[in-house]
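In the two complexes that follow, chain A is the common piece, with chain B as its partner first and chain C second.
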Partner chain A sequence: MVLLPRLYLALIVLGASIPCRAGLSEYFNEKLTLTPLRDGKVASTFSFSTLLKGGSPRDPSQLGEDDESQHYTLFPLGLGQILREYGVAELHLSLNAGKWNYDRWGYPLEPGVGTGAELWAWLGDGGVRSVDDRWKGLRSALAGLFCSSLSRLDEHRTTSPAETFKPEGSLPETSHHQLRHASLPSENVCTENLTPFLKLLPCKGLSGIATLLNPHKLFDANWHGLGVHVLWHKDEGVEVRLTFQGIFDPLRSAYVRKQDWSFESLFARKIEKACPVANSSEILVTLPQTGEYSISPEPTSIRNSMAVYDTKLVQKPLNLAMSWPHDFDHLAASSTREPLTSLSLQRTLRESSQLDGHLTVSLTNHKDTSTDVLYLETMPWIVQFYLHTLVATVEGRVKVDAVSNISYIPAIPHSRPTTFQAVLSIPPNSTLQLTMDVSKAFLRYTEHPPDAQRGWDLPPAIIMPLDDKLNSPRLYTPNILVDLATPDFSMPYNVIIFTCTVISFIFGSIFNLMTRKFVIVQMDPKESK
Partner chain B sequence: MTLTAFNVVVPAILATKLAFSFSKLSDVVKYDHQLSSPLTSFSQLQEGLYLFDHSIDPYAGGTFRHSPLLLALFSTVLPSSRTFAPFVWVLFDAIGAWALVNIWRARQNVASSARDGVIATLYLANPYLLLPSLALSTSTIENALILLSIMFSCQRKSSAALLALAFGSQLSPLAAFTLPPLLLLLITDPHSHLASPKPLSVSIRKTLPYLAEFFAYFAVLTFCATLVTGDWKWVSQTWGTWLTLLDTTPNPGLWWYFFTEMFDHFRPFFLMAFTVHLATYVVPLCIKFQYDPLFALFLLLGLLGTFKAYPTLSDPGLFLSMLSVFPEIFPYLRHHTVTAILHLHAALLLPLFNHLWLVQGTGNANFFYASTLVFACANGAAVMDCLYAGMRIAIGANSEADGHFVVQE
Partner chain C sequence: MNPPAVPETGNLPASLRDPSTLFFQYDSVRRSIIAAYWVAILLATPLWWYTTSIERLPLPISQASQEISRPLQLPVNVCLQESKPIFAPLLQVSLDRFTSSRILEGVQIHITGSAKCETTSSGNSYIVKPGQTKLISGRALEFPMRDARSVEDLTSTLVNLIVPHLAHNDKSNRAVQFASRYRLAFSLLNEDASSGSGVMGWNVEHALTRYITPILDRVSHLHNFTIESQVQFHAPLAFDVQRLGNGEHSLSYEDLTVFVNSAEWTLSSSFSNEPVIHLVAFVPSSDHSPLRILEADGTISNSNAFILPQWGGIVLYNPSEGETSKQLSSRGFQDVFGSFANQLLSLLGVPNLPAEIQRDPRDRNTISDWQLDALLRRRTLEAVAGTKETLGSFIKLVDQIDNMPIGPSVRDDVQVALSSLNKVYDLASTSLFQTFTSSASAFDSSSRAFFNPGMLALLYFPAEHKYAVYTPLFATSMIPLAIAALREFKIWKQQRKQTNNG
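Right after this comes the complex of A and B.
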């Protein structure tokens, strides 16, 4: 009898704990990678990863029902609610500014470096809400969360190139999954996007590596971009990785002669204290292979020619600094050197008029073996391809077999964009040039943006080498600007009036002639005087 | 002498045209929207053929708007490369000129006449028809089919006439508006009765078998087109475009700028109004000119060329070239000089302002729009003048003497 109340108590506790997901543990890891580049710049990549151990994406077939309640300690609740609301299995968002220079900076640690906003997500099929409906909701929710114009990534921009954007984590096997991808090259990244980004971190920007995320310095960098990645690892759980990449230039000022840098010079901040909830907090610095340099303070350890600092162990405040005894040799850096990537990309749109243009994509293979790449264009309908004019040339000679496996979803005016995908084979040490005529659309006056004369940014083409490793990096070409013909925005009324007048004049005259009889009348010349 | 003129001048014009097709000029006019609209452009046709050959449905997207019949013909019988296609276009020009000459002969009721060469030349050398043909616009094929159907109905070959018109209506559904006067032409005769108007003497019911025959041909061709593509998506992509005007590419007509500048919530209403407006002319013209349906057909082609949704220069060009078949109205034209000057004005301004707006970037869209208004006025003036002259003829030439005047009550 005495046992009974205890049993009740145990049942109550057990019953309460099931919907609370109290059993899920969360891990937070942060990492900063700094790499001095050979042109004197410093590449920095912040990566903040939160793992919800044992978590899994919401089954889309249960979207109509009440969701289990969400209690997180480290995992960002704002993002978690969005993920569960729309049943997202995998999500990648990047907001970048600038052109990533592959030749001089190499492959980025985070591959999504296309200019502007890019969002892609894998969503499970089935259930009450369609994939497109949830994609629309997801865009709007993320737009609200990150204070960004992501809701403009509408059906005019949305494509589904599943071969290029393969899931980086695993997808639940319970349902069929679909990809939605959209990019908005004219979108910019700014402080207003960083503030909500910092709020998703467990230590915000107050301690740990995130202290260094100083908007005044970050958005001053030559190239900068933030990314949000949500993955599901089958045996581990849901991982949210927030990243920030920047290319900083210590040599920007004309008075600076050395490529020295420190936290103080790059970010105008130091790490005062470590983030207490972080499982690991590492700073990695790629050490140059040649030349003299010094680095302070002394690294915790050296791993694969990288200096490793554990922010929990090193003395604080931490102001990591690298210095060189000699002035930076601009001449040696600017003289031609081997590109850091095996592929060089170039894409241009030549246009002589606002009617049509000429799209050229040049791919240079620096390797001694021929390479196959997947070439993807997701072009808004305002630029339409003439595929029959597609010509591939290698060093000036037409090469018919260079383009294969073409898959093409033509654009629909005023809605769907074009998706063009092809496998290109580039011979060793040579340049493949792909040219195609394009026609430009004429938009209604309400479809033009307020700054219509500026032109339209076209999303980057994406190149993916096929013969490399399984997860080969995606390469983004710089985006291009297209100049569309504009009507006069000031005179819709005048046009309606003029056209209607001409039509009614001709219509009236014709029916006037046809409905009245011809008669001969006599007019007396004397009477008329 | 005249027969040699016909035999020498016409081949000479055709040969010159062919020579021009292989010159740089054809590259210059390739993408010109005044010569070929998105619905008649050869580049779009080639694109559709490319997609069709690579087993991608050309109608899945939104830019290919040619009939599946053209797709079938050009992927099998007719050559589609830029080298051989000009031969096809010159052939269709020759067919058009031959048909026009035969229409003239049928109207005059003679086997051949001294004016044959002039009429063929007026068709082949008309710049409004010549330039679209150099740009390989499929409107050349449409014009040839319309002329063929008129020629066959003048010659009382009803099946051939209706088949040609059914084919023409497949390519451009507005050609079906010419069916009522064509049916009248089949039950009457093509000779000029403008000077002696009289009510229709034969029963209108005689047209019913022809009407049924036309719809039978049309249905069979529609079915063939569906067989080519495998589904019905092509209908909205080709014919639907005439009603929805999704493509507002500039052309010499009145629709494109109107619907570029139109407020979105008024668009369906004005699309309806403009389409209905086109249809309003058919029946009144047939009633008024029931004694001379060929003339009604001629006026209707002029009105379609002025007011249709995607006109190119070749649509008014067909009307102007057909004018040569009706020399009896020439003495009664009231303002032919004004009309000619308006046409000259528009013909100079259209390419100039198009270039200034889209290539040079020094003028804006309103300049080109203004010249399309002038062009519409020129075409409207020509149609109105022909209409007036066609009715005025009945009063006679000598009725305006001794203080007598001809007026409309």
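Right after this comes the complex of A and C.
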């Protein structure tokens, strides 16, 4: 029995080294990273990556013709068809719920943590179908695949901020590529999105690390989000990376004193068997630098102060657990206030009336050197900026040179969103505050969402530090809610009838006055006395 | 305080003026105000009518009903090669019996006897030659003609070859609905690959070239195909498998109907509207292996494959004990793709040859010319029947629902369908293939017209709805207008009478 997994591994390694099939070879790697955070929570990042060796994005100039047959072993067919149909070179979709707390949780392993749905794709130009047409089709196809309202990411929300969303893989050089980006902060992620997500995995949720993806526990987490990333690496092939991130709180219950956690307590599941087709299947646990703790079972190896478990080799069922001898010190955790990231973000919208508001963005630089960041707002047209009121202040004093390189594409009512992009330089250890007046739109009757009184979620602003030369992470501000003037939807017919009555009353009076014939009536003066 | 000066009759004090002398109290001004309103209303009415009415273009209804009631006869000429015309008249009589019993509805077989039949390449003409065995090669049939009794035999053989679906009265509807493009989805499903008995991969491209491509090439005139394949490593069944005494496991007939677990298996994505033919190889988990199919009487069936009509085919593949390779073995390819090929043929509606007929060994095609012609004939008849039915329902529907808009695209589709249908009748006697193409285009156009989303546009906003909203405005405004006009008309009539009298 013990020999069997080894044999498996040997077979798979053999299969990987000798390409015995005529088609493209495919590799599946799964990884789970668990990090105990200093506030007692546990960050978990699942990453399932399938590489289609030698695959390449479809040339957009061939989109009108019949495609070659698609034969996949590990690569998800449902997603592969969509990528081929719309000639997508790179695709990133994230569906998240909750606010990512950068100060306490640090940078996430997967940077796309904006609340709600975010989709961005690089599409090659040229060929019979235009980029916008394919972008529309792609949205609808993904909406169908993931059972979410992605088709609402329409042209009212589509922008093209290519500086912020640079391709993470390579793009084919044969054609010019364009970016399309849209976000829908009001979209919620739930179990109906996870079910199709699991079906894209070679081992579904039935073996390997994906067993732990238990919707009952995942959607109960303080923060959770799933991501789909499709990249093309020039020398390797097309990679699909499916990710799930969650922030779990072992200390949620008031009776729990220790920050101990295990697979059983976090996911209510154990890993019963390894995924038979995974090339590598690793669980990484970040080990705390200080304090006493114990971890069981014994890790396969230790790498960069991380415990590594190979699910193929470890004893199954695997119920990884970490425990601490002492109670969790809430006081100490809250007293260490120093944020984990070098930037802290805040964004608010003050609304004094139904027509106007006041947008404030605060960026705090915790470093000892000044830092430049790229600030991006992709605002739907319902909130429009008065750019001349833009004021940057540092610690209460107006600083004119803090904002530079502004690029601004104003909104067009009922169609295009605003794209506002600027480079902000924040002095060391200080807070830069940007304020701007905004006007709120008056919507047409049919443009209101079904729950109009709730207000509109505005997409997060995106901050990208410019000094980190290598792959600087994008930071997302929390999204904000704007309250627009909403009509009374309860009695439209009463309103119509009432308005019609008033109009016809006024019309009748004026018409009567115009066509009335005045005559002289003789009155006997004696009679009137 | 002086008492106010009392004006005498007809005289006003200097401070007041006679209202009839004011310009806006002139009869003509008042009348032109009323007239202006009415002119505005009368001019606006056509505009209102135009902007609120539904576009209903006239349809060629009489032409349609004429085409629908027209019967289609596909003529088939069979040349019987004999030195003296002995059997030909007998054969014709025997075939006419079939025609009169309506078995051969839509097809008319003409027999000619000749000493030297010309070989043809048209799908309408066949040759029957005397021979030792029943053998087909190309569009010729060798048949051992001995006496009058063999005429009966030849009749049924010909009917079976020319219109097998009518002859067998095939009601099972196994074949998928006609479409010009199908998506062929090949899936290798492992019930549970982690249990140790999985097939981790297959060299599907090689197998497709060997088993499937010859079929697709042969029917390429009828359909285009998009091919895709996938492997799944966890495909659980939605029901429990029965365990037999000898350690084998079985599926009953009831299990087969619920075999496809569409909740768990993602067999094909739904991003395109092309109909999908699924061909599934199912590898049971080691707990359920080997898996067999039970006959209705409880015995184990020889076959391990079954067809779900109009959906696709499923092959159960039990890896043998000795198989160590994680790839599909060559025996597996033969089992699985051999069955796939047969399933694909019957799903596409390709008829089987009658058992007693042999094929010319020189003919290397997977589908003989006779079968292909029979398939074309069947699809043509189905498409024409479908077109007639769709057009009939369409016209009935349009007739019944007055609020249904008919745009130019719908009208054009109907016209194309009718002209294609007309072409089918014209071409029926010349070329079978062209007849088929026209019938397919007629069917396509008629379905497109029937399912045009534009026809639903105003269905949910009926005129009553609009009137209910606007009546409070228009009715109340019209009353003063109408009364003023009526009053003015009366005054004008009175004045005329007075002037006439005076």
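Simple rule for what comes next: the second predicted complex is superposed on the first by the 466 of 529 C-alpha atoms of A that agree within 3 Å, B and C clash if a C-alpha of one lies under 4 Å from a C-alpha of the other, contacts with A are read in each partner's own complex, and residues count from 1 in each chain.
Heads up, the rule we're going with is that a contact is a pair of C-beta atoms (placed from the backbone, for glycine too) under 8 Å apart; a residue touches a chain by one contact, two chains touch by 3 or more.
The structure presented is a predicted model; accordingly, all values stated were derived computationally and were not measured.
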| item | value |
| --- | --- |
| Which superposed partner A:Q81 touches (first chain B, second chain C, both, neither) | second |
| First, second, both or neither for A:Y445, with chain B first and chain C second | first |
| Which of chain B and chain C A:C275 touches, first, second, both or neither | second |
| First (chain B), second (chain C), both or neither touched by A:F507 | both |
| Chain B versus chain C as contact partner of A:L145, first or second or both or neither | second |
| Contacts of A:I520 with chain B and chain C, given as first, second, both or neither | both |
| Touching partner for A:Y255 - first (chain B), second (chain C), both, neither | neither |
| Partner chain(s) touched by A:C203 [first = chain B, second = chain C, both, neither] | second |
| On chain A, positions contacted by chain B and by chain C | 496, 503, 505, 507, 511-512, 514, 517-520, 522, 525 |
| Residues on chain B engaged by chain A in the complex (per definition of touch) | 31, 33, 43, 46-47, 49-51, 54, 56, 58, 60-64, 246-250, 254, 256-264, 277, 280-281, 284-285, 288, 303, 306-307, 357-359, 361, 364-366, 369, 373, 376-377, 380, 383-384, 387-388, 391-392, 394-395, 399, 402-409 |
| Touching residues on chain A, where the partner in the complex is chain B | 352-356, 381, 384, 386-388, 406, 408-416, 418, 437, 439, 441-446, 485-488, 491-492, 495-496, 498-499, 502-503, 505-507, 509-514, 516-525 |
| Chain A to chain C touching residues, read off their complex | 4, 11, 15, 20-23, 66-67, 69-74, 77-78, 81-82, 85, 141, 144-145, 196, 199, 202-204, 206-207, 273-277, 493, 496-497, 500-501, 503-505, 507-508, 511-512, 514-515, 517-520, 522, 525 |
| Residue numbers on chain C that touch chain A, as the complex places them | 6, 9, 12, 18-20, 22, 24-25, 30, 33-34, 37, 192-194, 196, 198, 200-201, 203-206, 208, 224, 226-234, 236, 264, 266, 268-272, 326-327, 468-470, 472-473, 476-477, 479-481, 484, 488 |
